[in-house]
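Letters are used for the chains, namely A, B, C, D and E, taken in the order the chains are written, and counting of residues starts over at 1 for each.
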Amino acid sequence: MATTKTETQNLSLKRESPLNRLRKEWAGVLILLLLAAFPFLFAWFSGTSVTDGPSRFWQGLMITFFIMAVYAMSYDLLIGYTGILSFGHAAFFGGGAYTMALWLTHAVPVISSRYRITLPGGANITEVVLFVAGILLVVLVVTLLGLLFSAASARVRGVYFAMISLAMAEALHILSKATDFVRWTGADEGLHGVPVPAWINPTQNRLLFYFVALAFALIMYLLVRRIVDSPAGRVFVAIRENESRVRMIGYNPVVFRSIAFVTAAVIAGLAGALFSLWNMSATPTMTGAIMTINALIMTILGGIGTLVGPILGAGLMQIVGQFFYQWFGPRWPLVFGLIFIALVIFLPYGVIGTWRQKRYAWKRAIQKMFGKG
Amino acid sequence: MTVEGEILLEARSLRKEFGGLVAVDDVNIQIRERTLHSIIGPNGAGKTTLFNLLSGMMRPTRGQVYYRGRDITNLPPHRIAHLGIGRSFQITNIFPNLTVLENIRLAAQALGKDNFRLFRPAGSFRQYEEKAYAVVKRVGLQGREFDLALNLPHGDKRKLELGIMLAGEPQLLLLDEPTAGMSSEQVPALLEIIHSIMADGDKTIVLVEHRMDMVMSISDRITVMHQGQILAEGTPQEIARNQTVQSAYLGELYGDLAADLEDKDGQR
Amino acid sequence: MGNDNILEVESIHTFIGQFHILEGVSLQVPRSSITVLLGRNGAGKTTTLKSILGLTPPRHGVVRFDGQEIQGKPAYEIAAMGIGYVPEHRAIFRNLSVAENLKIAERKKGDLDRKADFIFSLFPDLKRLYRLPGNHLSGGQQQMLAVARALVADNQLLLIDEPSEGLAPILIEQMMETIRNLSATTTVLLVEQNFIMASQLAENYYILDDGKTVHQGKMADLVQDKELIHRMLGTAVRSGGAG
Amino acid sequence: VQQVTPTAEPTQPPAPTQAPPPTQAPTKAPEPVQTEEPVVELGPVLKIGQIGQLSGALALYGLQQTRGFELGLEYASGGKTDEAGRYIIANRPVEVLVRDDEGNPEKAVQLARELIEKDGVEIIQGPSSSASAAALTTVALENKIILMVDPAASAFITGQYFNPYVFRTSRTNYDDVLVIAKYLVENVGSKFAHIGIDNAFGRGSGAALAYAVAQYGGEVIADIYAPLETTDFTPYIQQAMDSGADCLFLTWAGTGYVTLFQQLGDLGALDQMQVATGFGDNASFAAVYGAAVGQIGLNVYHYTAANTEINKWLTEKHLEKYNEPPDLFTAGGMASALALAAALEKTGGDASGDAMIPALEGLKFEGPKGTYYIRPEDHVCLQPMNILKLVDINPPLDDKGRPTYKFFETVYVTKYDELAVPCTLTGEYESRCGDLPRP
Amino acid sequence: MLGVVGYTSMGQTAFVRTTLSGLTLGALFFMVAAGLTLIFGLMDVLNFAHGAMFMLGAYLGWQFFTNPTFLFGLAPLILALLAPLFGWLFARLEIPEALQKSAPSLLGLAGVVVVFLAVRGLDILDLAKTAMVATMTAADPLAEATPQEALSIFWLRTAGMFIAGALLAMATSRPGDKTRTVHTDQVRRALIGAGVLLVFTIVATLFREAAPRAVLLWDANLRFFAALLVGALLGAGIGGAIEVTLIRPLYVRPIYQVIVTLGLAYVLREVIQLLWQPLAYQMSRPPLFSQPGKAENIFEWFRTNSVTVDVLGVTFPSYRLFIILLGVLMLVALALLMNYTRLGMIIRAGVQDRQMVEALGINVQRVFTLVFMLGAGLAALGGIGAAPFIPVQPNMGDAFQLQAFIVVVIGGMGSYGGAAIGALLLGLARAFGDYLALKYSLSPAIAEASTVIIMAIVLLVRPAGLFGRKE
């Protein structure tokens, strides 16, 4: 729906000049630049090659982080913004991952061995076309999943829905590991060695994949930010606050919940698809309850109902988890769990939420100290 | 006194049963355009339930509701809202964690055509924001626009409740005990708002209220409900004099209200 | 002192969070009487009741019930000593049936059976609604239930917070009647903004302002003192009705 | 086949997630005359990543694997270490980085990538679970790094999941069944039922069983798979009993094994038909095989069955270090180390995949079980297998109070080239099979 | 009806056996779900640590049954640390205004440091390992129930723990909290409580070596039933501690309860792996259910205690009948409790408005804690009851937890009868599903999905579950 005119408009409430915007968002831009430069900075500081060894590994870690951040963000769209407690988010992520992996493993080779799609000039673009088709397929599949979930959510509420969603995801999980489909899905082991097209293959060109993932995360972040800030996004929040009242002022919550579900599903599904490309695999873990729980943990850790929160949560979990593993060995989840519990008890609004609150308090304290700054 | 107009809303043998309990018992009622029509009655008479039926919150067991001649009996509440019927609630029903402005803005946006714009910031739709500001001013919440609704004192919450309804620019307003839980000091301000709504000239109000002095002074018509049925209907004076009403609802304490009213009317 | 006052409150100070809400409230409630607590919105009336009951325990000061110091005891112990509470805004249990709402207030087995007739005689409506869940009651019915609930156990003292709120005029009268009857056996400490009601019921009054008791005396005297009424209670007085 | 506890060695916690403590090895190695040797400049450290399952159902296998591997390095290096205590193979000090994949293929892949990219590992050894092994084959291919599989046993690893970088010293499902199939068909009956884990290991075994019994005129009439985490086997056992088979072949691993066996007994399946399975690890014997004394079964490795010098050395060292004799997969871990060492010597320390492939293909080496041969075509490692007779489930302790686990009488030990393990390669690699037997 | 169809199409043996198997599964599901109907169904706490409690119960019971050295060795230390229960002892302490803010965290930190110092050098892990090794049937548990540490040193540790407990008590006494006062009565009660605790600690310290030996000399059957009790009681105790420290502050933030219990499940699992290593164990059945042979019927079993019983012509393990019995007993106990006490009502009311319930003279906080303890205790009891049947391992509770959630939801929140029926339904569906799936060459996964599908259907038809109260 967005016209060119609106595209140039600001994301925040008031219209501002681009310069002004940049000033407001300097922190974000800086972080983005840092992330973009990260592979080179890391290689430079550690004195290693950008494409090998530890650099490569850290790029990998960051790629996972980017993907998980998007995934957590999509979850927050449901739980934080629309107030839907869903325990089935893995279905979207795993659904996306499996769709992509199955498509690349079983459909693409067959199709590309039979057909060739060329540009008028003669360039062979079969691979690209099929890849794009794969993405569209992912979107289609997870949209259907999202609609299924929202249909259920129209009928049952609260913890009952949480349980239903858990069950629906579990059903998908069971399908993904059912031996009946072992020829296609690899059952328990999952699909490995998915033939990812060379131009986006993470083992062949890790650095490129890093930027793809970064761009993906950025685009998704901007997209979600837009959605959250859009008229519809505001209605999501209203539904979270008081659904019956939303209906009484003239919105149809079923429709808006469906929108929320489908958007969250598509974003999570795309994250899943990218994850399957990144790992060149699709495994039952990706559809399992742990995957949902991860989303929940990342979201709450960072701060529910914010966009930066889930991203930060994903970062904490991926990056800090890595360090913990190094420091504490295989029992690191013990330490992580303890810290985690302490955080939940003492930082009730997540890292970001608490920071925002405190920031306000600090500001006031400072104002007080200097007699109204 | 305002001119009575066309029939705006009509209920025909409307009935609602909860299990064995008949909360609304074959009620026929007509609301005329541009009137302030009060519904009074003892607790449990079925006033709130009647509102729930009229606004689509509940489905009647039987009977119809017509709005401007159109059958709206089984329409979902959001459709009814789109037809221009707004309601406020006896128990405050707002969006607690949103700002006052956002509460009202949402209501203003609801009936516009931009709800499904997913990729344009809500802030860029100035018209809704402007409307919201106007409503804030109208209900007297200036200066609190950016407070979270849950932090408002009770009286202000009641005002916000009203503001949410007003922002939808309904033609027909169903107000369920707007003064509930307000202290007497705050009531005049609310009366002021109601008067100003009526002064717009094109609004119709249905009011449920227990504060008799208020009801008597501002209503054009009063319907008295009792045990789900309509006990009496008429002008305030008629009602105040009605013996049945006195015994069923008003009691002795207000026996002298009728006399009181005669003077007041003169002043108005 | 001693035995003729069932409740004595001596200069209590109560905090909610960091806010110093009560700054020295003192009350004496004689046995088998109705004492009313008056004051503007936000004066601290509700907080006083809650402080007596231990829901917001006072930091300083003494609360004596039946001669025993009770400040600092947990609320459930205080209540169990024989204090019934009808909170403002009813606070009935929405997901419990009317029957359960009453049953839960039992302190001894069989309390409800003993009191059922008495309660139904006061509020015949409740008999009809007995099996309904609390959230299906209309506003006024909930208020009746809240009062009924406080009557189930044998209480020596009832703390009633704004019982007339949201009641139809005729019910306000009934409620007054009920409370008057109760005071024959139980002591009542009433918070009421409806001055008509308060003045007709109570023998003694206390006026709170800004967390302090500022006036006290016999109701009969207060009714004469229009100026004081106006100063302390604002317009609350005139707007009679269900105000 | 497994159970249950790290028997009797409270002082040595099986927490082998770090490389073996460098200080302890040199003192215990058969002390060479290190100082007198001419000082040769050592090559760069060779890091080997070892992935095993150190928690969960197969945790004991991971432990055996890591111990065996370390002892294998010690043996191959002749106990020669550098000053940090690393064994020196082909003039390169070898450092082993052990990781726990929890039996989760995804985790295995992650760990492998991390080992390769971050830690600079040049060879991957392991894992315990066939599912993980299957997943790891792709990592080997991606990075052109040798994956030396042991103890994961699925035939699929060198079948449908094969690529040239995948090697194994573990036996395949075919070894398991071929060794016993003839005996079963001739002595028990021709109708078989199979209960297997629902994963690559179990399914591989199902395929192998069908192939093997068919060779002797038998037939699998019920092929049943249960999820690894199954706790109630009743329906599966019921199905097997309903099938009317003469013999029930079990393919199970991990803790559920005890449960399965117990329930087989409880539900009367043991009375109704003969049950055949591999004899598992030492600790589980009392719990599992109580009712099986006198039975004949197959076995991958038992220290009492192998009559070789290396095995003697292994047993001694193991007793000395861990206070108990080596277990089911200790030999496998050791064989992996020996095979890698032999190949490394051949390449002169070049561990890159492309150098190692020719060195490993067709490699014949002596290991704890005897002679092993890595088939060049499909990298299957042909090796001796045991047929044992269970005679005693509560053997006495030795004079130092250590368990002896002398359960068996050896019936027969095959030579490495005795079992005609078929070549199961598929797709683009199918042609590699040449004239090897095909299933 | 279905039964008849199944009976005729499956044949008697298969039908009876599958039914019995379904009943066992149902009983297992119910054992986990029973506690969950209280915690999740009544208190609305989405307790994701419930499966962990099941697992914990199994470990504790198993350890007690086979060799309780470890448990007794740890008991004095844990008892000594319980002082914070009496935190209000210090509530009257006047602390300088300036210190009030930082005092709790400083004291808490000091407490943690002292705990650390007290257990430093004490090889709890080693203690666990000795006890664990002794559980291997080959070895003689009595021989392994050895003294751990000279009393003279151990006293210091206990004292250290006591000091730590006192520090933590001070920290939790909320110094300077103006919204709180403490009546003299309370202080007196706290003093008595603390005294009793001290006595217990001393007794536990003195008997920490003798006790395990004594227990090991008991008859194994007695030890087994004691293990059931001990597992359940310890489970309840741990549940209580969890409720007080982690759940209670979060009743106002339900989603965070989910999160905290998730984290807790994580932590418990890791602690277990730290203490007992990440392995799986098999608990042996008590002699009552393990004599070789087969009883012709139940009555004969009373005489023979044989491992299997003939039920309607089918050989079936006697222990599994015991599991079914245990499930039924739990149901009866729960039914009695819920019908003859006002617990259910109080909790439902308390969830909505705690203050009001308190104003009625009910100690809500204690009721909540009790109910949580009861729920956790039931889960633990289920765990130890199941331990001789399924492997004892760190994630043994996870699958059951999911099933239990489904059971509670199918049955309707807060309805124990519904939970029982739900459990039965799922158990039978699972057993027959597995049977039929195998019969038609489908994977058992399909049968696994049936539970999920049953739930979806039930909820779509009756959004509040079979016996749920409608909101």
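By definition in this document, contacts are C-beta pairs under 8 Å (C-beta built on N, C-alpha and C of every residue); 3 or more make two chains touch, one makes a residue touch a chain.
These numbers were taken from a predicted model, which means no experiment stands behind them.
Q: When every step has to jump to a touching chain, what is the lowest number of steps that links chain A to chain E?
A: 1
Q: Shared touching chains for chain D and chain E?
A: A chain counts here if it touches both chain D and chain E, which gives A.
Q: Give me the ID of the chain with the smallest distance between its Cα centroid and the all-protein Cα centroid.
A: That would be E.
Q: Based on mean C-alpha positions, I'd like to know which chain lies farthest from chain A.
A: If we average the C-alpha coordinates per chain, C ends up farthest from chain A.
Q: Where the CA atoms of chain B average out and where those of chain D average out, how many Å apart are those spots?
A: 79
Q: When the C-alpha atoms of chain B and chain E are each averaged to a single point, how far apart are the two points in Å?
A: 53
Q: Roughly how many whole angstrom separate the Cα centroids of chain A and chain B?
A: A distance of 45 Å separates the two centres.
Q: Just how far, in Å, is the C-alpha centre of chain D from the one of chain A?
A: 40
Q: At least two partner chains per residue is the criterion; list those residues in chain E.
A: Residues 273, 278, 443, 445, 448.
Q: Provide the list of chain D residues touching at least two other chains, using ranges where the numbers run on.
A: Residues 15, 54-55, 100, 198, 225.
Q: Go ahead and list every pair of chains that touch.
A: Every pair of chains in contact is listed here: A-B, A-D, A-E, B-C, C-E, D-E.
Q: Quick one: which bits of chain B touch chain A in the complex? Just the residue numbers, please.
A: Listed in rising order, the residues are 55, 57, 76-78, 81-82, 86-87, 93-98, 102, 105-107, 109-111, 114-125, 164-165, 167-168.
Q: What part of chain E is in contact with chain A in the complex they form?
A: Contacts found on chain E: 40, 44, 46, 246, 249-250, 253, 255-256, 258-260, 262-264, 266-267, 269-271, 273-274, 278, 402, 405-406, 409, 413, 442-443, 445-446, 448-449, 452-453, 455-456, 459-460, 463-465.
Q: What residues on chain E touch chain D, complex-wise?
A: Touching chain D from chain E are residues 11, 13-14, 17-18, 20-21, 24-25, 125-126, 129-130, 132-133, 135-139, 273, 277-282, 284, 294, 307-308, 315-317, 320, 389-391, 393-395, 399, 431, 434-435, 438-439, 443-445, 448.
Q: In the complex formed with chain E, which residues of chain A make contact?
A: Chain A residues touching chain E: 79, 85, 152, 155-157, 159-160, 162-164, 166-168, 170-171, 174-175, 177-180, 289, 293, 296-297, 300, 304, 330-331, 333-334, 336-338, 340-341, 344-345, 348.
Q: Looking at the complex, which residues from chain A come into contact with chain B?
A: For this pair, the touching residues of chain A are 1-2, 6, 9-15, 223, 226-227, 229-235, 237-238, 241-242, 244-253, 256, 259, 263.
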